[in-house]
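Two complexes come next, and they have one chain in common, subunit A, joined by subunit B in the first and subunit C in the second.
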Partner chain A sequence: MMEDEAFTDINGKSISLDCQNHSGFCREFTVSSSKVSIGKVMVYTSGVWLLAYTVFFFTENTAVLTCAILVTLVGMMLHIHFVKVDHESLLVIGSLGIQVSSSYASGRETTTFIEQSKIKDIVINEAIYMHQIIYYLCVLLKDPSEPDVVSSVVPLFQSSKPRLNCLVKVYKSCQEILSKC
Partner chain B sequence: MGQRRRASAVNNSSSQRVSGAPAEVARVPSRKHNICMVSDFFYPNMGGVESHIYQLSQCLIEKGHKVVIATHAYGRRKGVRYLTNGLKVYYLPLQVMYNQSTATTCFHSLPLLRCVFVRERITVVHAHSSFSAMAHDALFHAKTMGLNTVFTDHSLFGFADVSSVLTNKLLTVSLCDTNHIVCVSYTSKENTVLRATLNPEIVSVIPNAVDPTDFTPDPSQRQDGRITIVVISRLVYRKGIDLLGGIIPELCLKHPDLHFLIGGEGPKRIVLEEVREKYQLHDRVRLLGALEHKDVRGVLVQGHIFLNTSLTEAFCMAILEGACCGLQVVSTRVGGIPEVLPEDLITLCEPTVRSLCAGLETVIARQRSGSVPSPASIHARVQNLYTWRNVAERTEKVYDRVSGEEVLPLDRRLRRLRAHCGPVAGSIFAFVAVLNFLFLLLLQWLAPDRNMDMAVDATGLQRLWRQEPNSKVSPMKRAAEREISS
Partner chain C sequence: MVLKVFFPQCCNRADSGLMVGRWISGHDSAVVLAVIHYPFIPGQVKQYIQQMQAQSGVELSVLGSWSLPKEGQEGMESFLRDLSTIFPQERWLQINREIGKTGFTCQILDRDQNGRAVQRESKKKTEKADKANGEAGGDKEEEEEEEEEKVIFVHYEQRKVMQSQLHPVENGVSDPKTDPPSELRQVFQTVARSQPLFFLDRYDDGPLKSTHWQTEGREASIIVELLKQASVPLCLLIGWLLSIWTWICGIRLFSLYPLRFLSSKLSTCVQLSYRTEHMRTLSSMKPAVGHTQFMRKANILVSFLVDVALGMLLIWWLYRDNHITMLANTLVPAADHVAKELEQLLQWLMGAPAGLKMNRALDQVLGRFFLYHIHLWISYIHLMSPFIEGILWYGGLSACLGLTFALSLLSDMVALLTFHIYCFYVYGARLYCLKIYGLSSLWRLFRGKKWNVLRQRVDSCSYDVDQLFIGTLLFTILLFLLPTTALYYLVFTLLRLVVVLFQGVLHLSVDFINSFPLFAMGLRVCRSYRLAEGVKFRVLCEEPGTALHLLMEINPLKCSTVVQTYRTPTYSCYPKDSWAALVKKLFVGELIYPWRHKTTKTD
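Up next, the complex of A and B:
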C-alpha cells in the first residue's frame, strides 16, 4: 500500500510525503524535498563568474578565471554531496526499532538505527530555529538502565522541515505502531 | 494630595462606568482574549515583577483566557516551556545587556516576537516593568503590527538625574500611543502620568496581591523572652540599608532583648557587617543571605515586628507579606506605601534614623505591654485585602476596554509621536517607527504568515491541556493525541 501526499515545508516550498505500509507493524515514511532548481544553479554560477570577470578586468590575471571555474565546480559538488538532501526516510518497525536515513542529491546515504530498548517515545516539539519558532518531530531516547529519564533527543526530518500537518500525520501512524508493542 | 484624590476619583468613575452598564457586563464574559505577557523579568529570576506576571497569568487562565509569556533566555533555559496549567513561556534567545535587561535596538527582536504574536494569534500584548527593554520593544512592535497594547509600571522614578531624564523620555515615546497603562498604586500613577506626560484617563490603578495561603502566622515559632525585628529586602541603596545600619546599634543599646533577622543579599551587605563588627552584635544580628521565596514565610513567622526602610517604593509587597504573617509593620512613609495597609496595621515614619527609631520604640513598648492585636486577627484582616483573583478581574476589565479600541494606523501614529514627544525625539522615533514598519513588510514578504503553523493552544477557549494529576505525558503529546481522537 502506498500513499503520496503533497505538503509544504516551513519556508513554503513543496515537499511530498510517501507512506509505505510494508506490513502491520512496519511502516516507512519518506519525505522528498524539491530538486535543485536550474535557476538557482544559474544564479550562483553567473554570480561567481561575474565577480571573477570584474576582478580579471582589473588584475588581468587569468588565474582568477581558472579559480572561478574550480570554485563553481567544487562548490556544486560539495553542495550536492553534503548539503542538498534529496529525501529523508523514517522506517518504523514495531518491537525492533527505528531506522532514520537521509540520501543526498549525489546519491550518498547516511543511515542510523535506534533500537527499541533505547526509544522512550516519539513526540512533536517546538523549537526556536533561526528567526522563527517551528514544530519538529523527534525521538526521545532513554538509557535502558534508567527508563524514566530522557537521555537525549534525535530530531527527525532535519533538512526537509515539514510543517505541522505533515508531522501530525507521521506522528499518528508512528504511535499506532509503537502502541501495538 | 489633591492630585491623588482626583486620580482616585477618575478611577472610581471608570470602574462605575464598567459596573454601571449591565449590557456591557453581560457581553463581557463571552469575550476571551489571547494575551501575551512580555517582560525581561521572569522565573528563574526572582522578584516582585516575576511573581506578579506568574500569578496574574494563572488567574487569567482560570478565567478562560489564553496567556503566553515571552521573556529572554536565561543561561541554558531557552526555547519553549510549559508551566502549571499549560502556561506557555517562550525563552527567546536575545542578548542580555545589563541587569537582566536585553539590548534595545528596536529591530532585532521583531522577527521572533512577530513569530510569537502570529502563531499564538495574540490580540492583546501586555508589557511589564519600565526597566525591561524587551517590554518596550514588544510594545513598539505590537503597535506596528496593529495589536492592542497594555503596559504595567512596577516602579517609581525620579526626575532630576540624567538617567531618569533619559528613561523618562523613552517612556514618553513608548507610552504615547499605548492603549492603556496600569500602575500598582496611586503614587505610582501620579509618577507615571507626570513622567510620560500621559492622559490620566488611560491609566488605571491595580495593586499587587499576595497569596494569603503562603503567608500564615505561626506565633509558636517566636522565641520567648526576646523581641525579633525581621527585615527582608535586597540589600541595595534603594531599600535604605544605610538607615538600617544606623538603627541597629541605637536600638540594640537600649533594648538588650532585641534581635534582628535580616534576609536578602546585595552590595550593601558590607554596611551591615561593619555595624555588626563594630558593636559586637554577632549573636543579635543575623544575616541570612539570599532567601528563596518559599523560605520567606519561615523567616517572617520568627519575628514580632517587620521593618521596611525603603527610600522609594511603588507598592511594597514585603510589608504586605509581613502583615499577612501577623507581624507589626514599621515602614518609611515613601511612595505608595501609605496606600497599602490600613493605618492601624502599620506604623509610618519619616525616612530618617531618628524617626524610624522613635516608631520602632513605640511598637516595642506596645509589644511589651501586650496591647497589640493577635497575629491571627491581623492575618484575617489582611488576607482579603489583596487577592490575585481580584487583580485578574480588574485586569480583565482593562483588556475588555482595550480590545474595543482601535490601534492607530501608521500615519496617525507618526503624527502622535511628533506632537507628543517634542520635535527632535518625536521625529527620530517617527523615523524609527517607519523603519520598523518597512522591516515588518520585509519579514512578511520573506516569511509570510500563511507559512507559519498556528500553535496548538494549551490555554484559552480551545484549550487542550487537561488537568491530570500524576500524569507524565508531555503536553505536546497530549495535544496531538487529542487531535487523533477528534
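Up next, the complex of A and C:
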C-alpha cells in the first residue's frame, strides 16, 4: 500500500510525504524535500566568481581565480554531502522499535535505530524557532530502569520541518501501531 | 505481542531439519543459530545440545523445525508436528519455505501446562483457533485472535553479528535483575557466545550435520595462528628485558634528588617511562580479558610498531648522505646567529626603542646584565661545538626506539639550547612581578587601606604622615620605572612564547603518536562491522500471505566516537588553564611552563 501526498514545510516550500504500509505493524514514512534549485547554485557560483574577478582585476594574481573555482567546487561538494538532506524516513516496526534515517543529496545515509524498550512515546511538540513557533514530532526516550522518567528527546524530520497537518497524519498512524503492540 | 525470529542468512537454503537456538525471555523473540539436518537420532541431538550448552553457557534449545521441501519429499507435515512431542518445549516453531517463493511461512505450536498441544496456524486460523480456545479456556480467546500471523523474520548475517562489538561496551557482568541488557544486545551476546556451535563443519564425521556460517569449513588465518604461537616466547623475552630495565632504574643512585628532578623535567625520560609502562602491559602473559583490554593492547602494539617504523625511516634519512654533519654544522652558526640577533635587540632596547624615552640608568643596568649573560652563553656554545656532532650522532640512534623518542630528544635539546632565553624570561618576569606587587600594595597605602592576611581581605587602616610620605615616594619611583621593566619583560616573554610554542607542538605530536588508536581506526575502515554503534533494518520482500521480512545490518561506529572511546590514556598535553587565565598570568608576571603536567593523568 502506497500513498503519496503533497504538503508544505514551515517555509512554504512543497514537500511530499510517502507512507508505505509493509504490514499491519510495520509502516514507513518518507518526507522528501525539494531538490537543490539550479538558480540558487548559479547565483552562489556567479557571486563567488564575480568577487574573485574584482580581486583579480586589482591584484592581477591568477591564483585568486583558481582559488575561487576550488572554493565553489569544494563548497558544493560539502553542501551536498553534509548539509542538503534529500529525504528523511521513519520506519516504525511494532514491538521492535523505530528507525530514523536521513539520506543526503550525495547518497550518504545516517541511520539510528531506537529499541522498543527505550521508547516511551511519540508526541508532537512545540518549539520556538527563530521568530516563530513551530510544531515538531519527537520520540520520547526512557531509561529501562526508570520507566516513568523521560530521559531524552529525539526530534524527527529535523531538516525538512513539515507543517502540523503532515505531522498529525504521521502521528496518528504511529500511535495506531504503538498502541497495538 | 509480535514474535520476532532472528534468522541467519546462511540458513536460507539449508536442508530441512531442526532449528537450534535460544528463546530470549521477556522479549518474545527467538534467535536461530543453526539448523541440524535429517537424518538424526533425537537422543544424540539432545546430548549435542547439552554439550554445547555446557561449553558456551548459552541456554540453547531446539526451537522448532525448518523445512525446505525438495522433489520427492512431500508429506512431511505430520512428521514435523510429531517432532514437537520428542523435544518438549513451551513453543514450537514450524518454518516452511516453498520452492519458488522468497518468503517463509511460520506456524506456532503452543504447549500449555497439561501437555496438550495448542496450535495456531496462519491459514486455517478460525477453525483451529476456536478449537484450541475451547480446550485452553475462554480467557485466551481475544489474545489468540490478535496474535495470529504476527511474526517478524529478522535476517542477520551470522559472521558479522558474531564478530561485532556493540557500543557502548559493557564491562563485566551487570546484575541481571536490576538492569537486563536490551533485546538487541542479548541477540548479539547469544550469537557471540555460542561460538562452539559453529565449529561443526560438513567434513566432520560426527553423527550430526548442521548448517551455519562456517559450514563450508572453519575460517581462520594461518598468519594469525603462527603469530599467536610466536607471541608467547616473545612476551617472555620482553618481560625478562623489562625486569632488567626496572632493576637498573631501581638503583639507588637514580633516586637521588638532582637526578630525579632532572629526569622528571626531561621529556625523553618521561617518554621512556611511558614506553616502559606500555611494554609492561603488552608483555603480560595473561590473555586480554574483555573487548576493552584487547583493543587497548592492540592499539598500543600498533602504535608502537608504527612509531618504530617512522623512527627507522628517520634514521635512514639521517645517516644517509651524512645529514648529521650538515645538521651539526648548521646548528652552531644558528645558535650564534640567534645570540647576535639578541645582542642587537638588547642594544636597540638600551637606546630609545620605538621612540620611547626610558629611564636611562635602569635601562643601561638591565641591558648590560643581559649582554653579559649572552656573552657567557656564546662562550658555552663555542666550548660545546666540537662535541655537538657526536651528541647528534648518538642521539639520532635513539630514533630506533621510535620517532617519539627522537622528537622528545629534539624537544630537550631545544630546551637546553634556548636556556638563555628562559633565563632572560625568568629575570624579566621576576622583576616585573616584584614591581607589580609593590605598586599594588602601595596603591592600597595611597588610598588608606591595607591587605589583611589573616582575613584574606582589604581593610582600612590609618597611616602616619611619615609612612604615607615614604609610600607615595616609592610608589612614584616604581611607577616611573615600570615602563622600562615592562618593555624588557614584554620582549623576553615573546621570545619565550615562541620557544614554548615550538616545544608544545613537539609534545603534541608525541602525544598524538602515543595515544591515537590506530588499530581501532584500521578496524573501522577495513572491517566496519567489527565496531557497531547499533543496527539498521531494511524491509526485504513483501509477498502477500507471508510474514514480514527484515534485513538487519550493522551500523558502524562514527570515526570521532572510535577515537574518543579507544584513545590510549596518556599524560595530558593540553594547557591546564584556559586562555584567559594564561593571559592573566602573563600580565601579572607569573612564570608559564611548557604544556606538560606530569602529575595529572587523564583517561
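The rule is simple: the second predicted complex is superposed on the first by the 181 of 181 C-alpha atoms of A that agree within 3 Å, B and C clash if a C-alpha of one lies under 4 Å from a C-alpha of the other, contacts with A are read in each partner's own complex, and residues count from 1 in each chain.
We adopt the following convention: a contact is a pair of C-beta atoms (placed from the backbone, for glycine too) under 8 Å apart; a residue touches a chain by one contact, two chains touch by 3 or more.
Predicted model, so just to flag it, every value in this text is computed and none were measured.
Peer 1: Specify the outcome, clash or fit, for subunit B and subunit C once both structures are aligned onto subunit A.
Peer 2: Subunit B and subunit C fit side by side in the superposed model.
Peer 1: Is A:S145 touching the first partner subunit B, the second partner subunit C, both, or neither of them?
Peer 2: A:S145: touches subunit C, not subunit B.
Peer 1: Touch test for A:V123: subunit B only (first), subunit C only (second), both, or neither?
Peer 2: first
Peer 1: Give one of first, second, both or neither to describe whether A:C26 is in contact with subunit B, with subunit C, with both, or with none.
Peer 2: second
Peer 1: For A:L91, decide between first (touching subunit B), second (touching subunit C), both and neither.
Peer 2: Touch partner of A:L91: subunit C, not subunit B.
Peer 1: Put subunit A at the vertex: what angle do the Cα centres of subunit B and subunit C make there, to the nearest 10 degrees?
Peer 2: The three centres form an angle at subunit A of 100 degrees.
Peer 1: For A:H81 in the superposed arrangement: first (subunit B), second (subunit C), both or neither?
Peer 2: A:H81 contacts neither subunit B nor subunit C.
Peer 1: Return first, second, both or neither, reflecting whether A:R108 touches subunit B, subunit C, both chains, or no partner chain.
Peer 2: neither
Peer 1: So after superposition, what is the minimum Cα distance from subunit B to subunit C, given in Å?
Peer 2: Least C-alpha distance: 19 Å.
Peer 1: In the superposed view, which residues of subunit A touch subunit B and also subunit C?
Peer 2: none
Peer 1: Going by the contact rule set out above, which residues of subunit A touch subunit B in the complex?
Peer 2: 8, 10-12, 121, 123-128, 131-135, 148, 163-164, 168, 171-172, 175
Peer 1: Show me the residue ranges of subunit A that touch subunit C in the complex, using the header's touch definition.
Peer 2: Result: residues 22-26, 28, 91, 93-96, 99, 101, 111-113, 115-118, 144-145, 181 of subunit A touch subunit C.
Peer 1: Which positions of subunit B touch subunit A when the two form their complex?
Peer 2: The contact residues of subunit B facing subunit A are 78-80, 90, 92-93, 111-112, 115-116, 119, 447-448, 450-453, 455, 472, 474, 476-477, 480-481, 483-484.
Peer 1: Could you pull out which subunit C residues touch subunit A in their complex?
Peer 2: Counting only subunit C, the residues touching subunit A are 1-2, 4, 28, 150, 152, 154, 178-180, 182-184, 534-537, 539, 542, 547-548, 550, 555.
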